[in-house]
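Just below is one structure, and these are the notes that go with it.
Chain IDs A, B and C follow the sequence of writing; residue 1 opens each chain.
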Amino acid sequence: MAFFLEALLGGLMAGMLYSLVALGFVLIYKASGVFNFAQGAMVLFAALAMARFSEWIPQWLGLDNKFLGNLIAFVLAGACMFVLAWLIERLVLRHLVNQEGVTLLMATLGIAYFLDGLGQTIFGSAIYQIDVGMPKEPVFLLGSVFEGGILISLEDVYAAGIAALLVVVLSLFFQKTGTGRALRAVADDHQAAQSIGIPLNRIWVIVWFVAGITALVAGVIWGSKLGVQFSLTTVALRALPVIILGGLTSVPGAIIGGLIIGVGEKLSEIYLGPYVGGGIEIWFAYVLALVFLLFRPQGLFGEKIIDRV
Amino acid sequence: MFYRENGQFKTSYRADQQIFPIAQDRWAVLALIAFAFIGVPMLADEYMFRAILIPFLILALAALGVNILVGYCGQISLGSGAFMAVGAYMAYNTYIRIDGMPLIVALLAGGFFATLVGMFFGIPSLRVKGLYLAVATLAAQFFCDWAFSRISWFTNNSTSGSVSVSNLSVLGWRIDTPVEKYLFCLAFLVVFGLLAKNLVRSAIGREWMAIRDMDVAAAVIGIRPMYAKLSAFAVSSFIIGVAGGLWGFVHLGSWEPAAFSIDRSFQLLFMVIIGGMGSIMGSFFGAAFIVILPIFLNQFLPAAGAIFGVEISTALVSHVEFMVFGALIVWFLIVEPHGLAKLWSVAKQKLRLWPFPH
Amino acid sequence: MTKKIGDVILDVQNISLRFGGVKALTDISFNVKEHEVRAIIGPNGAGKSSMLNCINGVYTPQEGSISFRGQTFKHMNSRQVAEMGIARTFQNLALFKGMSVIDNIMTGRNLRIKSNLFLQALRIGPAQREEEEHREYVEQIIDFLEIQAFRKTPVGQLPYGLQKRVDLGRALAMEPKVLLLDEPMAGMNMEEKQDMSRFILDVNDEFGTTIVLIEHDMGVVMDISDRVVVLDYGKKIGDGTPEEVRSNEEVISAYLGTSH
């Protein structure tokens, strides 16, 4: 029983990390109708920026204080994401207004490749560490109920907390602010939004910047846990099934979808894995998404897709 | 003024419908094919065969398959690597497990199994499209990655996880040297190219394009979306599967699942986008471009770096490769969504005036 | 020469169509006689296109049924409808933008092409013969619609008026018994309208095709239709010959508004 709980909690935590990445996808889709295949590349790029800046800043400024160094690195990385968002809008999105979804999807695929190459060119391609002071030692809970207690990684708990905070902030942003409303209008219909005076360009820069910050947070957390390396981009591919499950337009859906996938992967690996040779994690999320696509394409919380003639 | 159809009148619909109605085109293509079969083997060296020509031929075949699904029928697919894998592994099993199995039959059998897998994972296309369909095809990709690594039947219980074939021959003619391999693949490409071209200019090709352009209107005309989409998946996967078999048997000789990973899927998709979606020629252009570009960068960048006194490592070259691919994809999508094939036909239009300015 | 109008070929009975809370059509009933030209008119949003979509199988009405040549259906399946001989054009032109004029019209012949995939790949025997036969039929349609010069042009590059003709051509290629035309003259100038009217009347005359026509131009409607149905806010408010409908009080107030 203790083992099951451990696996469950481990799955929930892993799921939370997926959700963080998925959040970026949902944001951009919700606010511009574009599906951003480059989200994973953005996570890697942001994580690389953070890792390297936190290494270089103390050298450039002769700083001793770790916390201050990290803070400046974070801000600098955030600024990079802003420049990135601005460039993407300027060079790519502006020219593809009102193209079909498939064209935009493939364009973001191109951006993903470009970012992969760029990030590694600027920041290097070794494995880097991010140390933002996350606790590394595991903690044992409920030692009195279960013998030996249940193993929990405090780092994961922190990550979950940060992700939850981010979700709350973003949900409030979308629902309560004027900019949030404008973003939802743009997602609905580019041309219509333009015709009522919403500045498309600025909106897009804002959206991609917010998604970039989400990517940065996700990158810092993942990077802190796993080290920053190229395989982070494959993490993004794991986030796709999350949004299929949760619904492409739903922020809470991204969280719940992530939790389901995280738990599902862990439990299926432990309980089903031995029968089929292990390694189920590679495809479990995707096959689950496949099932959803056949029976409920809009996911648990997404909007139904209607085609008008 | 040389490239004109003056005086070329067609007196039957059959003549008007042929693949190359303009006589100059016909001659040019026939000359090209003759050169490919006769001239190239005399001129190219082993490196060119191994590194450029053979990969080009096989990947062009695979790109042809992908183009039918993505370019002609408008169904996005990120699982092409998986279909190549199915083709390769099933061709392998057919070849190894059945005594006296002819090579070509084994390769076609690989294609057949790829067709089954392709049609299965194409079923979601009846319900969803765009990104959602992309995710479904990714399910195919990851599932196949896993199946060929973990289910030992596929690798004939090999301990190392990789499989290999050797001593290939067709009707007594050995396929050993680079030239023989090259001619073998060339034959496949020419035959499949012709079949594919026939398909896309027939009723089924029009059905595919109708589904791509406006599936609701297609239904109203009496086209069955299910038949059209699944047939596109079927034909496409068959061709990709055969290409996979060729890649494993002829180009690699021995392989592991990683040869058909998601990177391969992306690579094929890029070939189709850059070469031209909905164009047979485009598949060839795209394949040539993507095969040659890394080689070009590998030679050019360090040389350019040396001029400026900058050392360019191989890692950097591969990063730049990524950047160039990504930038090109975006550039083509913005400027010329119909890819190199469109640029080519625009050039031909200009050629009709040459040497006059207007 | 008076046209011989036959019996009822299409009968719409008590059709109601809802989208969520919006009632697009409420209890619509009317019939169409063979060989006639039946116009459906009404202000924008009256449900005219929705009515055609129901006949076509694009929408499924919640209530009511449709009878075609004696067979009654609760809902129509698009392919079945096409096989039965009902073709249509679309208000917003549902042409296949990536294909040429010939190919677009050839798609209308799809139901009649029987050769399978393998024969088509090899392009021999029946496959080659069918391609030529149907090409010949399509060329006749192209002659009829006077668009010979554009036959190889990708449809997306043609001006609007010509695209409308291709839309008509594609529907004609299906050799339909009933032709549903959804605002075939929208966006045309006087000359183009005259051409289009001529084509429609020729089709009705030469092939005896029954025409159901949605149209806003009253002059055209009065001129070429035999009978008219008037819809307003999803309800039928008039049904009869053009003269009867023109003097119908309700119709007048729907179009011109009344003073309260």
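Here, contacts are C-beta pairs under 8 Å (C-beta built on N, C-alpha and C of every residue); 3 or more make two chains touch, one makes a residue touch a chain.
Note that the structure is a prediction, hence the values are computed from the model and not measured.
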item: Chain whose average C-alpha position is farthest from chain C's own; value: A
item: Chain nearest the overall Cα centroid; value: B
item: Whole-Å gap separating chain A and chain C, where each centre is the average of the chain's CA atoms; value: 49
item: Geometric centre distance via CA averages, chain B-chain A, whole Å; value: 33
item: Distance from the mean Cα position of chain C to that of chain B, given in whole angstrom; value: 41
item: Sites on chain B at which at least two other chains make contact; value: 216
item: Residue list for chain C, restricted to those that touch at least two other chains; value: 58, 90, 94
item: For chain A, residues that touch 2 or more chains besides their own; value: 309
item: Footprint of chain C on chain B - complex, ascending; value: 12-14, 16-17, 195-196, 198-199, 202-204, 206-207, 209-210, 212-214, 216-224, 231, 235, 278
item: Complex interface listing, chain C residues touching chain B; value: 56-58, 78-79, 81-83, 87-88, 90, 94-99, 103, 106-111, 113, 115, 117, 120-123, 127-128, 130-132, 135-136, 139, 170, 174
item: Chain B residues within the chain A interface of the complex; value: 74, 76, 123-124, 127-128, 130-132, 134-136, 138-139, 142-143, 145-146, 149-152, 216, 262, 266, 269, 273, 315-316, 319-330, 333-334, 337
item: Sites on chain A touched by chain B in the complex; value: 35, 91-92, 95-96, 101-103, 105-107, 109-118, 120-121, 125, 237, 240-241, 244, 248, 276-280, 282-283, 286-287, 289-290, 293-294, 297, 307, 309
